[in-house]
Structure formats: structure tokens, C-alpha cells
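There are structures below to look over.
The two complexes that follow have chain A in common; it is paired with chain B in the first and with chain C in the second.
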Partner chain A sequence: MLVLLIGDFNMPHRSANISPKFRKLLVPNKMQHVLCTGNLCSRETFDYLRTLSSDVHVVKGEFDDETLKYPDTKVVTVGQFRIGVCHGHQIIPWGDSRMLELLARQLDVDILVTGNSYECNAVEKSGRFFVDPGSATGSFSVNKTGPVTPSFALLDVQADNVVTYLYRLIDDAVKVDRIIYKKSKST
Partner chain B sequence: MSTSKVVPTPSTTLSFDATSLIKYKLSDEVLAKVAASGSLRSSSCRSAVWRLVLRCLPYETKDWEVTLSRSRNLYRTLKEKHLVDPHDKKFSQDPELNNPLASTEQNPWNTFFEDNDLRDIIGKDVSRTFPEIEFFQNGNIRQMMSEILLIYAKEHRYVKYRQGMHEILAPLIFVIYLDNEGFLHAKENDELKTLTVEEEDILNCLFCKEYLEQDSYTLFCAVMLEVSRWYEDPAPSETSKQPMPKEPYMRVQDSVPSSRLMEDLVDIGNLLQDIDPTLAKHLSSLDIPPQLYGLRWLRLLFGREMPLHDLLFLWDVLLIDLLTSDYGGCLQYLMRYPPIADIDSFVKLARHYRNPKKNAKPDVKLNNFSHITVSGSSHPNRTQRPQRPVAPSKARPELESPPTILALAPVLQKMKNTIRDRSNTVSGPSSPRRSHEPQREPIRTPQNNDNWTREVQMMEEQVSTLQTRLNEQDMMCCQISKALEVCAEDVRNAKSSEQCDALAQTILELSKTLLSIKTVPVNQSPSKNGKNGNVDEKQKLRDPPQIRHINEMIDMTSKRPQI
Partner chain C sequence: MYDNPGNATDQEKFLDQSIRVVKAESFEMKRCLDKGKTMDALKHALQMLNEMRTSELSPKFYYRLYMDTMHELQCLEVNLIQEFSQEPSKLSNLYECVQYASAIIPRLYLLVTIGGVFIKCGLGSRKEILKDLVEMCRGVQHPLRGLFLRNYLMQCTRSVLPDFPETEEMLLSHNSTLPKGTPQLKPRDGTVEDTIDFVLINFGEMNKLWVRMQHQGPSKEKEKREKDRLELRILVGTNLVRLAQLEALTEEMYVRDVLPSILEQIVSCRDTISQEYLMECVIQVFADDFHLATLNEFLNACGQLQQEVNIKILLIALVDRLALYTNSSIEGQPAPTKMQLFEIFSEQATNLIKNRPDMPMDDIVALHVSLVSLAVKCYPDRLDYANMTFLGLRQVIEEKGITDIEAFGKVGRELTKLLNIPIDEYKNVLRLSELPEYIKVMNYFDYRGQCNIAAYMVQNMLEQETILRHQEDVDAAFSLISALLKDQEKQPESSHETEEFADEQNLVARLLHLIRADDVDSQFLLLNSARKVLGEGGRHRLRYTLPPIIFELYRLVLQFADMKDEDEKWDAKIRKMFVCAMGTIGALVSTAELAELPMKLYLNGAITADRVPFEDNHTVVYEFVSKALSILEDDVVDSRDRVRCLQLTVGTLLKTTHLPEENWQPLANQAVLAAAKMFKKPDQVRSLVTVASLYWHGETLETNGEKMRNGKKVVDILRKSAKIARECLEPLVQQQLFIQLLSAYIYYYEDKCTEINVDHIEELISRTQDNAVQLDVSAEADNLEKQLGEAIHRLQLAKIDVAASQVASPRTEPDLPQPPSENEGL
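And then the complex of A and B:
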């Protein structure tokens, strides 16, 4: 079961498009679910996600249209894993690990997906797994100096473990990293 | 049951069990006889017989273990080859190369995604297989079926997977599973005492529970070897050329047959013309080509036309015929009788058509009740037939006014004949009456007579329907009583106290009552008893319900809508 994690497009406000290298990778009929951390900023971006999979979940980013009524947080169950999604701008201080852990406990999820940091990373902390897919377009961020690397993440959910693939576009070439998270018995 | 002494060929009346597999010298002819006699019905080695006749196993029992291990290993390697798991350690663990989205050639995910569509289609079909049987609701069995079908589709790329294959596979798995269970049961009950250690080892290897999947695949492949030709697409060269421009509104039967399947279906139509011109004419007047009804007969090997236990018996005979040439010919003869009441006579008749010299024409005349299904419910196509006028009051027993009795006579007579032997056993007081009817009736009331023939038809149908159900019940009764006897034995062995004995007694009584459903003697009129002398044993068994039929039939008749 493949789950695509993607977000912080900021299209068309800060970026014109997703890199063609990424578009080539993202093809229909591969992912069963798409979880978007928000900041789509346009209807067209949402339509694009819908072409990838019929099951798209979106949470609200700070630049998304208020009228669209995206929820702040969302929990999706895939296989034996509960995956929580939140954009992250609501969590203050931004990107604080303890606050993220608090949210993960509140939502009672195994995996928490947040955006807003514009940096792709995945870490395991106290039995839970925290993934940030970064910005799909590499659009600039107010809390980050220097260029932003375009990135997204893909979860391969199996019976008892999740393999996370992090796709980064560095120097116009796609780099892939893999991180394995095993669900501990206690949670 | 099993014979301890070695005899050259098994008697077809004895049940054919695991011991006989080893003890007898088997050959195609012997197995053909055994299968046709129907003694595989209650046997626990049907799967072994099927495998023998389909050449999955050699007749030499010593070679079984080698052959089995070879075919099982083959399946394992095929599984490794075709069921690609991208998480497998054998693939490159470099995330740049081995990740779900990479488009590099050596990426194992590519094949995984290619199979996904096929997997989806197979999964859908498998989940719909025999929904009425619990065995196929089991997740493990479904998984097994999906994998077998997927591997078959990938191994035989020219056939691929087509809908219908799951219906072929399902009975095969079912039979192998039952036989494995049956063998274990026999072992626990010490029914294999007559065998030497080596012989028992061979059987242990043959009926091994762990290899259900492997063995099913082997058997499935062997069956598909014959059946796959009906699944093949028309040759690609023909389709690309488009030899015949399709006319608008062209009927399917007018087109040039483009594949083996279509050719065979046309043959069926021609055969039907020879055998039953009336039916053929009727069908053609309704614009029903054999392509409409014959397709699933061929592709599913009648899997959808019969209840499962009848189907298995039919396959006993069919699979043996797979060996000999002209299998299609045999099948086409079989085609003729879609929903049939009595599978036994059906098979006999089919064998007769196949080879009139070798197999005598069965005595029982068959009727083609095309508008009811085998299970007895009304067929969806029934409305094609003219509505029968119903006269329920006249169908009631013989205490009515004289004209009614006269009119009733052919009905009863015909009904009896349907159940019994029709050709030569009719004797006694009723036969002269029948000989009068053809002259008398049309003169008196032609209209009425027409009604009566319809009435008769309807009754025949109902009798046959009930017969089918009773066949099922008979079988169930036998099974239950067997089980109960075993149970009683167990109780007795456990403790010799009086309580246990009493318990055993009650169980035995229960079994007797169950059996009595089948064997309750019927107070028959002398003429009926006289006829019974000629009737074979099977028919005798079916006699008792006859009385009940009449009553039930009347009930049914009254429920039918009147015109």
C-alpha cells in the first residue's frame, strides 16, 4: 500500500509549477492514498492530486482559501497504522518536536505528517514516526534562509513496518532516501 | 469396503478408496469404468484419479513421490519467478534504484505494478467464486486461488487470465482439499491397516495437506491444457486484417468463426440440428445462437450448470475423455441437455452419443426441461415458453368424475414413466389404458388434450426437480448416518459403562431414522410393484418420494398463476 505525502505547493503564488522531474515520477495507479499537508493555494493543484489517486486527503495550510473548509487535522488509517496529518503552522513554536509529540498523542497516531518546515525529513521519536514531506515546488519560506529543496515523501505501508522514501530534487536530479519504521508492540 | 486381497481390477460397485489406488493395477480403461459407475462420488481419492487420468501422475505408484516432488518444486520456482515482492532482500537495496517510483529497468516495482491490474481482476473474480459454499469464503483459500491464477496467467502468456478460469480452479482445489482431509480421517480410523509401510508413505506423500496449492496448480494446468483453447483470443493476425467488414446489425451467428471457440460453437449448433431438429428450429426462430448458451458450457466445463456434487461426477467422466481424441465432440453431445434432472442418466446418454457402439443407450429417457434450472427454481428464461393453463382441481387424486379420471390417466402414466424405466418395463393394467389415449383424446376434446400435454410437461418437470433434491437428500442422509455411526463407535470405545452404550444406541437410532427418510417403503399398487422388478436399484431408491411428489405438485400447481 503506497501513500504519497506531499504539500506546501504555494502555486501559483510563490512557484509556477512542480518540477518536470517530479511530474515524471508521480504517475497514476501507483499510490492508493494521497495525504496533502496543505498550502495548495489553487483548485488546479487539488485537481492534479486527484489525477494521482482517487483517495486524496487535504488539511488546511495558512494560505489556503478559508472557504474551502479543509480541516486542521485529519487521521487516516492505512493497514495497521494510524496516520495523522496537520499542516503545522498552528503548532507554536513552529516545528517544535515536543509540541509535535503532543499532537501525535492527542490524535493517537503512529505516524504524524506535518509540513510548514519546508524541509524534508523523517524521524522516529518515542515510538512514533514524524514525517515532513517538505515543499513539493521548493517555494521560498519566511522562516528559512537560502534556497528550498523541492521534495515529497512516499510511505510503503506493510503489515508491521513502514518504509519511507524521501524524494529530493538536488541539482536537478532526484535523490532518494529510505527510512524504515517498525511499529513497536506497545503502541 | 476396501479389499484386502489383491484383485486385478476393482469392482465398480465397491467404493473406490485410497487403498484401492495402491492395490489395484490401474489403467485408463479401469478408471473410465470406475468414473462412469459413479463410485467416485463417495470416494476420497477422486483427486488422485483425476491426476492419474490427466497424466499429472504416472500409473506406476513407485514413481509418484518423485513426480510429486518435481511438480511441487516446479511450482515453487514459478512462484518465486512470478510473484515479485519488491521488499525481498534479493533485490538491490539501493533506494535510488529500488523505490516505488523509479523508472529504471531493474526496478522490481515495475513488474509489481504491472501485475497489480491483473491481481485486481483475479481478486474480484475469486471473491465471487461459489458464494454459497463456505469453503471458498476462507481468506487463505482465496489467496491461494489468486496466486495460482496469477502464476498461471504469467506463465502462459498466450492465454493470460480470462474470466471463468476461477470456476475451473475452484472445484479442483475443493476436491484435493476434501481428499486430503478424507485421507487423514481414514488414517485416524485405522482404515489403512492392509497397507505396507512403503505404500502408506506413498499415500502420505500424495495426500499431503501442505501441498494443496502446489497440487492444485499442477492439476489446474493439466485441465487448462485442454480447456485453454476456448479461452484464447482470436488469432491476432486475423483481427488486424479484419477479413470481413462487419455489416451493421450483423448477428453474432452470421459472422465468420474467428477462433477455435467460435468454430466449436457453430459445431454445437449443427449437432443440435441433427439430434433435435425441433429444438434447433425453435431456438433459431427465437434468434438464440449457440454462441449465447454454449460459451459458458465450454469455458466453465458446465461449472455453472450443475450443483457442485453433480458437477464433480460429470467431471469424473469428462476429464477421462480429455485423454481420448475428439473431446470437443463428446462435449458437444453433452451440450444438448442444459438443465438436467438426473446426472447419472445424463452422463450415460452423453457417453452413448459419443460412442454408440461401446456404450449402450441408457434406458432412462431424458427430458429437456429448458425452462427450469437444475436446482429446481424457475429459470429466468421461462417466460419464453407459452404459459401453461393450469387446472389444479383436476390434478387431484382419482376420486373425481369419470372424464377427469380418463384425462388424468395420461398424466399419471407419464409421470410414472419419467421416474421409471420407460422403454420396456411398462406393463400391467395401466399400459392398455395408455395405448387408448392417443386415439380417444384428440377426438373428444382436442383443446383439453393440448392442455393436458402441457400439464404433463409441467408435472414431469416438477418430478425431475424433486428428484434432484431427493438425490441430494439421499446423499446427505448417507453422510449423516455414516458420521453418526462413527460417533457411536467412539462413544462405545471410550467407556464401556451403560451410559455410553445408551448414548451409542440413541445415536444409532438417530442414524436409522435419518436413513429411513430414504428407504421408507411405499404402499404401492400391485401394478407398480410389478414394475419394480425391472427397475434398477437406484430408481428403487427414488420410488418412495413419488407419492409425495403428487401432493407437492398439486400445491405447486395451485400456486401457479392462472390464465
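And then the complex of A and C:
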């Protein structure tokens, strides 16, 4: 089961386009679920996600239109895993790892997907797995020093483990990293 | 034309009868052939062919009869060839005999068959026989029967028409590849010129027969006749195909004899169906270079066709075909060939339009689609060609007094196609500005049409990453898409409420990120000038178009931040950029009448300013945050919105590190005040928990890179928050708030906040436990129960941890500056 994690597009506010290299990779009907960390900023981006999969979940980014009523958090169950999604600007201080853990406990999820850091990373902590797919467009953020690398993540959910692929666009070439997370017995 | 049009069943019946006769007679014919009684066989063949004289069948059914009969005649032919190839002299007798058959149709079919056998057996002069046959067929003037007879003539002679210059060598190699038993070819007379004459005569005669069909029978059956004729057209067209297939046909022959003769026939028949079909045939069947060599002649003929002929289709077919050909093969050829092509087309098209005042506008535009396509695809460097075509079209539109062409009307659709061609082909929208006539044509569209084209341009620029590097680029792009940038005269009142409007403005917004000058100064000028143009877009557009400008300014500031040593006026320039950003956000507040969006942009500005070490940057940070807070105060009404905005403000303040204590305090106080002033109690509780973090994680100039860690203030705020939580009357909500508070307490306790009293936490826990019992059973209650258990567990862990660290090192916390006035406003 493939789950696409993607977000912080900020189109049109901060970027013109998703890189053609990424668009070539993201083909319809390959991924069963799309979990979006928010900041789509236009209906067009949402429509684009809908072309990729019929099951699209979106949470609210701080620059998403309020009238769209995206929720702040969302929990989706895929196979044996509970996956929580939240944009992350609601977590104060931004990016605080203990607050993130608290949210994961509150949502009672195995995997917590957040955005807002504009950096693609995945890390396991106290038996839970934390992923930030970064910004799909590599859109600029005042919160981040240095340039933002366009990125997204893909979860391959299997029986008792999840293989995470981190896609980064570096010097106009796609680099992929692979991380495995195994569900611990206790959670 | 046929006596019994009847219905399909009647037709089936008549056909059946005829076919039965054909079967019976052909059976006898074959028996006689087997016995060697050739004369008797021919008699039966004549009987069989008698059926072809029928007047009962419609073209469709006559065709089926013809196919069956042909099949039998082929058997006869093969037999005769086998029999006579050894002794050809005996054939003459047969030829004579058949001459005496009484009915003309059976007689001619047999004569054609035997003529074919003659040639295949190498008897007599091929040239003479062919001439003879094609002349004899004139004897049948009934259109349907004549057409099929002549078609038979073409079929029978297909393999024996003189074509390639037949040298002895070629003959030898041809014969050596034949299967055993087949008669070998002998050297024969006749040249390809004879073939051309033969086919042209046949073609002319067939066309006459075909045209005559139109004029026979009652006028009320006109439509039916046209339908019948269309079913038969391929018989006439086959002649042209045959000509095109001739290997020995040279360009010179085509130019000198073939095309003039064909065109003469087509023009002089003055029949719309025939002209339309045959002209298209000519375009399709003959080679591209033949067309190139005869463009003028062909186009001239087009001008002489009947008014009803759809000339557009013909021209488009020709232009498209040649455009493709020219583009793929002419690269190496001298320019004049190419140049001429466009000029000829252009001139002829203009003449055609002039001479046909009734030509519908969509056809005229469609013609120009082909011309522009030719100009743009085959002459990418000749912008004047494309421009000339747009000019030509504009003049026609002007003369006809057309305005406001509907986007999705007939003409509009063609016009869209037309205007999209250079966008697609140039792959660089900026080049369009070199076609001054382009915009003028575009302006004949109605509002929607103009917007559609402009949006298409923007999409292309985004797709191609057309960078706007200089002021001229920005100006050019903006003038091309001006329909999207400003209110238009023709714009309908409510257009800004449509989805298209939003989509288009989003496109424009994305486009702005393609403004990328080579250096910081020029980039600032470009952004500033773009902002001025966009500023005139009115309140409905600003909300889309200004945020990208603001973000680009922030990006520019951060890019410029490291270049302090390279620029004397660095400080002033940075400040100017912020002034520009602030003013732009101001427009969103005053003109676009927005609240949240500008507030978020102010907050982003604060973080940006905090990161750039220019002189007194804290004043700018303060200005940004205070402006955000006053929007929160005055303009954000909905309580959920207020909670979220406050959250963002706290997040932002925690990102800043350069505010002096004296500036930081009022902002933090204001945030606490706003939290306590939330309309709903649960919102107050949650917001207070959020703002408490300011005093723990906050940094100012004076904290020297350390966190503030003001535990006393944190505890004050949490206590205040807990008090309000206790006042909440909804059990489930209260429970949620309690657990959130517990989590906060434990968070700070884990973080070694000494002011936190464990007893106080435990009291809250027991209160929460009491509450839990009273909750109705629900999934949420279960979840809260689970979280409570988790919190208790964590507290125990933290207690152990704190105890351990106290043993290890007695605390030596530095004294922190105390907030000026505690509990202010709480």
C-alpha cells in the first residue's frame, strides 16, 4: 500500500510550479492514499492531488483559505498503522520535538506526519515515527535558513513495517533515501 | 435513375434474382470452358452479363452485383489467357465474334475482358487496344452502368498499362520472378504518356457520367441523389489514384499535362460535389513536391470553383500537408522555395476571401489558422510572416465590423486555435510582443475570450519557465495578459465571483515568481514596478497578486542579508525593501479589505526582519508584530479565527531573538491579554496555555541566546488558565481542557521548571480522575482516559528524573529579569 505524503506547496503565494521532475514521478493511480500536510493555497493544487489518488486527506496549513474548512488534524488507518497528519504551525514552539510527541500520543498514532519545517526528514522516537515531507515546490520560508529543497515522501505500508522513501530534488536531480520503521509491540 | 428505388427488402429481392442468374450462367460457362468449348462459354458469359443491364438496383446493390460478376469474369480471363498464350492467333476470332453480341453492356464487358487477354498474351498493339477500349466505352451513357463499366476497364488493364520505361533488362527481371505457368511478358509498344492519356480520358468520361447523375430524375429526390453520388465517388477518384501510382510519372509531365487536364475537367464540370471531392483527391494522392511545383495553378483553380464549394477545407488540407512536408524536408533547400510557399498561399487566400464575400467568418479565421501555422512552423525566424497574417485577418474583421467575438462561439473557437498556435510553437510568450498585430486581433475577443488566451499564455510561461529578467520582459508579459490584470470595459459585473476568475488570478500570482533579475537592485526595481501595475487591479485581484510580491520581497531581503560588505547603502536598501513590503501589505488591508492574510504576512515580515542584522532591525520587527496584533484586535471577529491568529503570533514571537526586553514585553503582554479576552472559555484556556510558552521559550536581546525560562510567569498563566477551566460546565470539554493543562504542567515540569508545584499537578490529576467517572461512555472519553493514564505515567517518570538531577547538582539558575507587572489584565 503506497501512501504519498506531500505538502507546503504555497502555490501561488511563494512558488510558480511543481518541478517537472516531480510531476513525472507522481503518476495517477500508483498511490492508494494521499496525505497532504497543507498550504496548498489554491484549488488547483487540490485538484492536482485528486488526479493522483481518489483518497486524498488534507489538513490546514496557516496559509490555506479559512473557508475551505480543512481540519487541523486528521487520523487515517492504513493496514495496521494509524497515521496522524497535522500541518505543524499549531504546535508551539514550532518544530518542538516534545510537543510533537505529545500530539502523537494525543492522536494515538504510530506515525505522525507534519509539515512547516520546510525540510524533508523522518525519524523514530519512543516507538513512534515522525515524518515531515518538506515542501513539494521547494517554496521559500522565512523560518528556514538557506534554500529549501523540493521534496516529498512515500510510505510503503506493509504488514508490520513501513518503508519510507524520501524524495529530494538536489541540483535538478531526484535523490531518494530509504528508512524502515517497524511497529513496536507496545503501541 | 434506377427504376425501382423501393425499400431495402425489394432491393435485396432484385439482387437475389440477378445473382441467381449470374451463378447459373457462370456455372455453365465454366463447364464449357472445361470442355474446351470456348464459343459456348462466351455465350453463357454474355447471358450472365446481361444482368448488368438491370435498372432495378440502387448504387449500393448494383455494386454487389458488379462484384459477383467481376469474380466470374476473372475466372474467364484466367482461362482464356491459359488457353491462348500458346496460340494467340486464335484470339482474333473471339474478338470478332463478341462484336456481334446484340446488347451493348454485355458486349463491352466481354470486349474489355478479351482486350485485356490480348494485351496479356502480347497480341496486337497495346497502345491501340487501350485506345480502342476507352473510346468504345463511350457507347454507354447511362451514368450508373457507365461508371461501373469504366471501373472494370481500369481494373482489367491495371497491370498492363505502360508505366516505367520498359527496358529489356527490366522485362527480364520481371519475367524471372513470375511463378511457373504464368505467361511471360513480351516487349510491347506504348509509353507512360499513352497511359496518362488513357486514364485522363477515362477520368473525364467518368466524371461527366457522375455529374450527369445529379441532373437525372425528379428534383425532389435531389438529396437522395447526392447521397447516391457520394457512395460512387471512389470510382471516379480511383483514376487519380492510378495516375499517382505511375512510377514513370515525372514532375514535368504532371506540371505540363496531368494537372492542367485534371483541373480543366474539375473546373469545367461546375458541379459542387465533384469539385470538392476531386480537389481534395488531388491534394491527397499526388506527391508533395508535385504540389509545391504547381501551387499557383492549383490555387488559381480553387478560385474558379463553384461558390458553394467549401474552399476552406481544401486550402487547409493543402497548407497543412505542405507545412508538414516543408518543415521536415526543406531545411537543406534554398530559402526561395520556402519563401515562395508562404507568399503564394497568403496572397491566394486573401484573394479568395475577397472574391467570396459570403464566406462565413469562422471559415475565414480557420483559413488563417492554417496560414499562421505555416508561417510559424516553417518560418520560425520570419516573425513578419506571422504578423502579416494577423494583420490580414484584422483587416477582414475590421471591414466586416465585427467586435466582441464570443469565446465559445464558432468564430471564437477558431480564433482561439489561431491565437494559441504561436504560443505553442514559440514556447516563449515574450516573442509574441514582436507581433504587434497579435494583440490587436486578440482584442476583438469578448472579455472571456481575452482572458482565456491570456491564461493560456501564463500557463505556457509557467510550463516553459519563461523568466522575466528585464523590465521589458515584465512590460511585454503584462501587456499581453492585461485582460487579467485590470478591470476591463467589457467585463461582466459579477465576473470576479467565478471560479475562472480565481483560477486565472492564481495563474498570474504564480507567474510573478518568474520575475528574476540578475542582481538584487534590479530585482527590487522589477518587483516594485510590478507591484504598481498590480496595484491597479482592484480589490478582487489584490488578494491574489500581492502576496507573491511580498514573499518575493522577503526572499530578496534574505538573499541580500549576507551582502552587507558588498554594498555601501546596504542598510538603507534593506529598510527600503521592508517599507515596500509593509506598504504592499497595507494595500491588502485598506484596498482589499482583508484581515487574516495581511496579518500572516506581517508576521512573516517580523521573522524576516529579525533575521537580518541591519541597524535597529528590532524596530521593524516590533512594527510588524504590533501591526499584526492590531489586526487581531480590531478586524478578526470570529473566535476560532482569533484563536488561530493568536497561535501564529505566539509562534512568530518565539522565532524572534532580537527584540529588546522593553519591546518584547508589551507584545507578549498584548498576546496574554488577547488570550484572556477570548470570547469562549475553552478558547481562553487553550490560548492561555499557548501564550504561557512565550515566557519559557522566548528570547530577547538581553537573554543572550538563552531561553527566557520565566517559570513564575508560566505558572501564573497556567494557574489562571486552570481556574477558567474549572468554570467550564460541559464535562467532556472540561475534561479535554484538564488534560491539556496537565500535559502543559508536565511539559514544563519535565523541562525542570522549579516553580511548578507537584502537589498542584496531583490535585489536578485527582480532579480529572473524578471527572472521568462521570463521563458518558464514548470513544472520545476512552481516548481521554488513555491520555490521562499516559500523563500520570509521565509525571512519575519526571519526578524520578527531577529527583535525580537535584541530587546530582544543586540548582544554580541565574536571576531572570522579572516582568514589569504581573497578572496584568488577568
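Everything that follows uses one rule, which is that the second predicted complex is superposed on the first by the 187 of 187 C-alpha atoms of A that agree within 3 Å, B and C clash if a C-alpha of one lies under 4 Å from a C-alpha of the other, contacts with A are read in each partner's own complex, and residues count from 1 in each chain.
Rule of thumb we're sticking to: contacts are C-beta pairs under 8 Å (C-beta built on N, C-alpha and C of every residue); 3 or more make two chains touch, one makes a residue touch a chain.
Computed from a predicted structure; not experimentally measured.
Student: Would you check which partner chain A:43 touches, where first means chain B only, second means chain C only, and both and neither mean what they say?
Tutor: Touch partner of A:43: chain C, not chain B.
Student: In this superposition, which partner touches a larger number of chain A residues, chain B or chain C?
Tutor: When the residues of chain A touched by each partner are counted, C comes out ahead.
Student: State whether A:175 touches chain B only (first), chain C only (second), both chains, or neither.
Tutor: A:175 contacts chain B only, not chain C.
Student: Taking the superposition on A as described, I'd like to know which of chain B and chain C A:159 touches: first, second, both or neither.
Tutor: neither
Student: With both complexes superposed on chain A, which partner does A:2 reach: first (chain B), second (chain C), both or neither?
Tutor: After superposing on A, A:2 lies in contact with chain B but is clear of chain C.
Student: Shared contact residues on chain A, chain B side and chain C side combined as an intersection?
Tutor: None.
Student: Any idea which chain A residues touch chain C in the complex?
Tutor: For this pair, the touching residues of chain A are 11-17, 42-44, 62-63, 66, 89-90, 92-94, 96, 98-99, 102, 105-106, 108, 140, 142-143, 145.
Student: Name, in rising order, each residue of chain B that touches chain A in their complex.
Tutor: 87, 95-96, 99-103, 113, 116-117
Student: Give every residue of chain C touching chain A within the complex, in rising order.
Tutor: Where chain C meets chain A, its residues are 462-463, 465, 499, 502-503, 506-514, 544, 547-548, 551, 554-555, 558, 596, 600, 604, 607-608, 611, 641, 644, 647-648, 650-651, 654-655, 690, 693, 697, 743, 747, 750-751, 783, 786-787, 790.
Student: Considering the complex alone, what residue numbers of chain A touch chain B?
Tutor: 2, 24-27, 29-30, 154, 156, 158, 163, 165, 167, 175-178
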